[in-house]
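A, B, C and D label the chains in the order they appear, each numbered from 1.
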Amino acid sequence: MSSHFGTLFRISTFGESHCKAVGVVIDGCPSGLKLTEADIQTQLDRRRPGQSRLTTDRQEADRVTILSGTENGVTLGTPIALKVDNLDQRPGDYGDMATIPRPSHADYTYLAKYGIKASSGGGRSSARETIGTVASGAVAAKILTEKYGVEIVAWVSSAGPYRATEVDHQTISRAAVDQNDLRCPDPETAEKMRTLITSLKEAGDSTGGIVSCVIRNVPAGLGEPVYEKLEAKLAQAMLAIPATKGFEIGSGFAGAAMRGSEHNDPFVMKEGGRLGTITNNSGGIQGGISNGEPIHFRVAFKPPATISQPQQTVNYAGTSQVLQAKGRHDPCVVPRAVPIVESMAALVLVDLALRQEARQALHFDS
Amino acid sequence: MSSHFGTLFRISTFGESHCKAVGVVIDGCPSGLKLTEADIQTQLDRRRPGQSRLTTDRQEADRVTILSGTENGVTLGTPIALKVDNLDQRPGDYGDMATIPRPSHADYTYLAKYGIKASSGGGRSSARETIGTVASGAVAAKILTEKYGVEIVAWVSSAGPYRATEVDHQTISRAAVDQNDLRCPDPETAEKMRTLITSLKEAGDSTGGIVSCVIRNVPAGLGEPVYEKLEAKLAQAMLAIPATKGFEIGSGFAGAAMRGSEHNDPFVMKEGGRLGTITNNSGGIQGGISNGEPIHFRVAFKPPATISQPQQTVNYAGTSQVLQAKGRHDPCVVPRAVPIVESMAALVLVDLALRQEARQALHFDS
Amino acid sequence: MSSHFGTLFRISTFGESHCKAVGVVIDGCPSGLKLTEADIQTQLDRRRPGQSRLTTDRQEADRVTILSGTENGVTLGTPIALKVDNLDQRPGDYGDMATIPRPSHADYTYLAKYGIKASSGGGRSSARETIGTVASGAVAAKILTEKYGVEIVAWVSSAGPYRATEVDHQTISRAAVDQNDLRCPDPETAEKMRTLITSLKEAGDSTGGIVSCVIRNVPAGLGEPVYEKLEAKLAQAMLAIPATKGFEIGSGFAGAAMRGSEHNDPFVMKEGGRLGTITNNSGGIQGGISNGEPIHFRVAFKPPATISQPQQTVNYAGTSQVLQAKGRHDPCVVPRAVPIVESMAALVLVDLALRQEARQALHFDS
Amino acid sequence: MSSHFGTLFRISTFGESHCKAVGVVIDGCPSGLKLTEADIQTQLDRRRPGQSRLTTDRQEADRVTILSGTENGVTLGTPIALKVDNLDQRPGDYGDMATIPRPSHADYTYLAKYGIKASSGGGRSSARETIGTVASGAVAAKILTEKYGVEIVAWVSSAGPYRATEVDHQTISRAAVDQNDLRCPDPETAEKMRTLITSLKEAGDSTGGIVSCVIRNVPAGLGEPVYEKLEAKLAQAMLAIPATKGFEIGSGFAGAAMRGSEHNDPFVMKEGGRLGTITNNSGGIQGGISNGEPIHFRVAFKPPATISQPQQTVNYAGTSQVLQAKGRHDPCVVPRAVPIVESMAALVLVDLALRQEARQALHFDS
């Protein structure tokens, strides 16, 4: 496994679907930060299953407990261990899995990797693992907000064939996103998505979607060329989220069809005496380093692999089988993926911010 | 900086545009591998500027020297240092840069990060840095080929508005790719791309493009969930290449519009008694771990920022300026990016292969 | 903080004196290993306070719970989270500390580092933190024993002025060590130590001591030159244990006074056709790599800083104060340090073993 | 291999005895530092062989070249590659080694590890590898001196049976140390050492010794508990130097025989309003964190394994052999080890300083 992430703000997550608890240890959180369970619970609640009729019927309270690292509601600078107990475990739901690897799920590859079949299949690959990411991401985000005023807002920009209208990167807020349970700030498109997802749920099918994200007020200078460029770390972080298939930043794939003369972002002096750019095809990053403009990117999610329609496949022995899954799963993960994307972004940024602070502290004015 | 990459096969690159040499130290290369400069030079030649009329006029021989780590043409297991001298340095070409940050280039962000203006601007962000990547990637690729029969082939699948026809993932070869200097295995589209690029070069403009890549014969089991999933490491590696704006694997962004019932890849018994999949929307990876099917992905490159058309922008003081660059640069980087994409992929895979070998060696059959 | 250790077998510990729980997340444990709480509890019991009249009066049950990473008593290859609840918390015992930094304790330096005074002072520096080390070390040791037959045995070789007679490195066992609560396998010297420690406890004073350790059946080839040589990693690991002041391996400091002609260990063919050495001044390591001979080293522990005698010192403001500590503490830590030394050694070895297995798997016979 | 060291100031060294060049890549050096080859050459000259009649007769100029990372004598913040060409290569001197592993040298263990016999045996384990350490350590030391006024001074405190008188930690300087070629600031003892070493050289024998080191003006707060405590990183760094057998800090092994009431370092207000300690048994570190007092430690070196006396041993096949080495080697390494110890200390400190600066920059005053 590689369940750790970060160089100075370093997380180490744990937990599968059916163990006693899932959680995370945060090593390197600055001291003096006011932090209680409530700061973390908000994002966990946005992530948890059963929060709306669009998601899985599984009900998981997902209450976080701080085991260490704070005293009187303030961080000590020592490791912060966060734990969420697993309450609703029903391994029995996964009966056929012992002999049939589920198509496009991780049963087969986990067996290839670990040589062992867990009752929950690729249990560690389940969305439940993301609790540790979201819990630690909430801490990271709080640091970024309090130190730099960073704002991270993600939303559902597409589901199946429906694509939301463009949002204003300067003003979009989590409150606006949460106005519907699709987390799509375009109400009209959200309604179409709802209809689609509801019908897919009944049909035992699923759909993919896209989560967009904007990050405002990132100080210029974050990102560690060459191999930890800001967009490279964001790409890694986003593709580490279950079910993701693509990442694009700024102009993205569309930029590949553009000319330099239209793609280049000319500089201009902005208010506060800050050098900024008129357009933002760069997505807030140039040469792997933030330039102070809003960072914006999109993450593609495939349709969930677990569907309740019968599927023609083979068992481990290679014999033809019809698999009919019984587990309770989301027909579309993107609404619940919104806080995961935000959390991953926060984890990337806080680590790079710490590294840049170290550099600046030892810079020589020669 | 973060010029190192990998956990067990670990590279550390160095060099800017105008220093004495660029290169890389490889730590963790297995011993006993036959290795000479010729093994490395091939890919460097595919990367170097001036190789065809489509690229920059700069002529750089880019001859690699092995400084350490081999004896009698065999690796010792000790660090392999590779060096390429910088011969053709003309810092004078970058005159205006002292006062005007080039739009969509790294001059401004490098200054924000390091507090210093180098004569070559964001010199470390230049494509010249990729020599270290390509040189070490050639070593990584040789290991993968000799141990597992891995084949990594990348090609230009789009440039500007032109998109090549689909290629056969099972048969596409580097020889086929190199049949034209566009590295586009669709000759008809290649001609259109050539015409476009030639005209853009004359017009002082540039275009973006897409590089596609397929990796065959990857053993099942590679990839370290959660944060170093195979697709996550590939995404990081690709977005660390200069000028990249997007990464997608398997079905990619198109998969976000699909239904689970069409996206899922049913299992089937393949020749050799290996469990495989009928379709490959997963792109050879499930749950972050290779499943033995071909890995295929695409990388979007923006148009090069350096164009010779006059650009309206501001200088560091915020005063309006018209910038007219004089440096020699590629109007389209994707043909030269092909070996860089292949090299990055090899670096990702060899490191994950070593980690999986360690795991398997200490697996318990309980 | 840097509460993680290891490259492939990687631990991340958490917990201070007065938080809800202490513990550790193990990332990279091989799959298929039989593992239950009982495998871990044994060493925790040897470490815990209150186990004999020689140690602190604090009673801490220190019962470990496996939160994740196993199913049906077998490791899954996923992260193993281990937790020990804090039951006996009496922060009130540390009253004066708010204003007076305890001499030779970590109160002052933790304040300098983190800018915050925790109720338990340098709480993370307390011996309680070592629970995570010991718990994960027990897992590491089990792997080493089952795969390679490695045996790690530490013992108290000195306390205050008393030095135990030499033990036979080939036969010393944990059972022999545990025959008395001093963990000194020289009964006569153990009695003298007991008398000393008992009298020091009454006098409110403390004493230092030395823990010796031997590791048998380590395969030749472990250790990663240059900066992670086997002795370098052991030195780091041992000096990371609270209260340690020195580390020496093989001939150690005495070797500095020897001549090469007497210090060199001539080779000889040993049973099983293994090349071994006649003497073992090298301590089982040459050039940073294990040679198959027993590894033996010694670790110096200072006397515990917390004594109940009045101490003349100053408060944070610099005003003279007499400090009289009230906490319950060990007059001599070495008996309880024995399992900590063994655990640290196991953590070092299992990580290097995994790295060497990876190397060997990809070695080329050229 | 593990030829890299450091988290934020990260070095990656390369080179064996008989390759084209040895050197190092420094990743993470702050920008704006004035740096030329001369800054580095001084310590390389103190390390190089042939500098006095006490050392090996091999003459190696060891001239360093900066390949990258500076412009106009100022660091750019990009990787600094340093190279020293190998001029005096005589692999022929090592004739017997192909069949006979040299006692207490690394021939056997390098073969066990890498499965390959290099012409220089454990070439990477040779003292020649330390050039990369010393070159990068010189850069680290310059940063520490200019930012914090740190002074690092090491000296020979013992060789064979001779032990120098105590030096004053507050005043000892490199100039004083270099007054004789023994680098022993006690002239009388230095003479005895010289006589011993001269006679050993003639007799084809060697002797061990001890290097002591003091570091002044280290800011309080450096060191990353738990596993990267300052003394733990120093221990790792020192035991990574070839031929080292032991490390002790502050009271060291002698402290193990002391009582808490005599070992504790009472606090006192020092000039400049800094809280300091009256005694310094802690060696400048408490709880793994620097306290502002001088850090002082000692490193034990075994006698060099290469002696020219005939040695009774066996060849790889196990047959008895008399080995008579012909290479040119030092009868005592400690004078040349002095700059290596200083360099390693600087590498440890600069990395921990960067990490502490990052922490302090994001500390919250709550």
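The criterion applied here is as follows: contacts are C-beta pairs under 8 Å (C-beta built on N, C-alpha and C of every residue); 3 or more make two chains touch, one makes a residue touch a chain.
The structure displayed is predicted, hence computed values, not measured ones.
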Open item on the list: Quick check: more C-beta contact pairs at A-C or at B-C?
Closed with: A-C
Task: Between chain A and its twin chain D, rotation from the CA superposition, multiple of 5 degrees - done: 180
Task: Computed distance of Cα centres, chain C from chain B, in Å - done: 45
Open item on the list: Please tell me the distance, in whole Å, between the geometric centres of chain A and chain C computed from their C-alpha atoms.
Closed with: 38
Task: Sequence positions of chain D contacting 2 or more other chains - done: 1-4, 13, 28, 31-32, 74, 77, 113-115, 124, 359-360, 363, 365
TODO: Please categorise the chain-chain contact pattern as a line, ring, star, complete graph or other.
DONE: complete
- [ ] Under the touch definition given earlier, write down the residues of chain A that touch chain D in their complex.
- [x] 7-8, 28, 30-34, 74-75, 77, 143, 146-147, 353-355, 357-366
Open item on the list: Please output the residues of chain D touching chain B within their complex, sorted ascending.
Closed with: 1-4, 10, 12-16, 18-23, 25, 27-28, 31-32, 65-71, 74, 76-81, 83, 113-116, 118-119, 123-124
TODO: Under the touch definition given earlier, write down the residues of chain A that touch chain B in their complex.
DONE: 1-5, 13, 101, 103-106, 108-110, 112-115, 122, 124-125, 129, 133, 158, 160-161, 200, 205-210, 220-221, 223-229, 231-240, 242, 244-253, 255-261, 263-269, 273, 275, 277, 281-283, 285-292, 298, 300-307, 309, 311-314, 316, 318, 356, 359-360, 363, 365
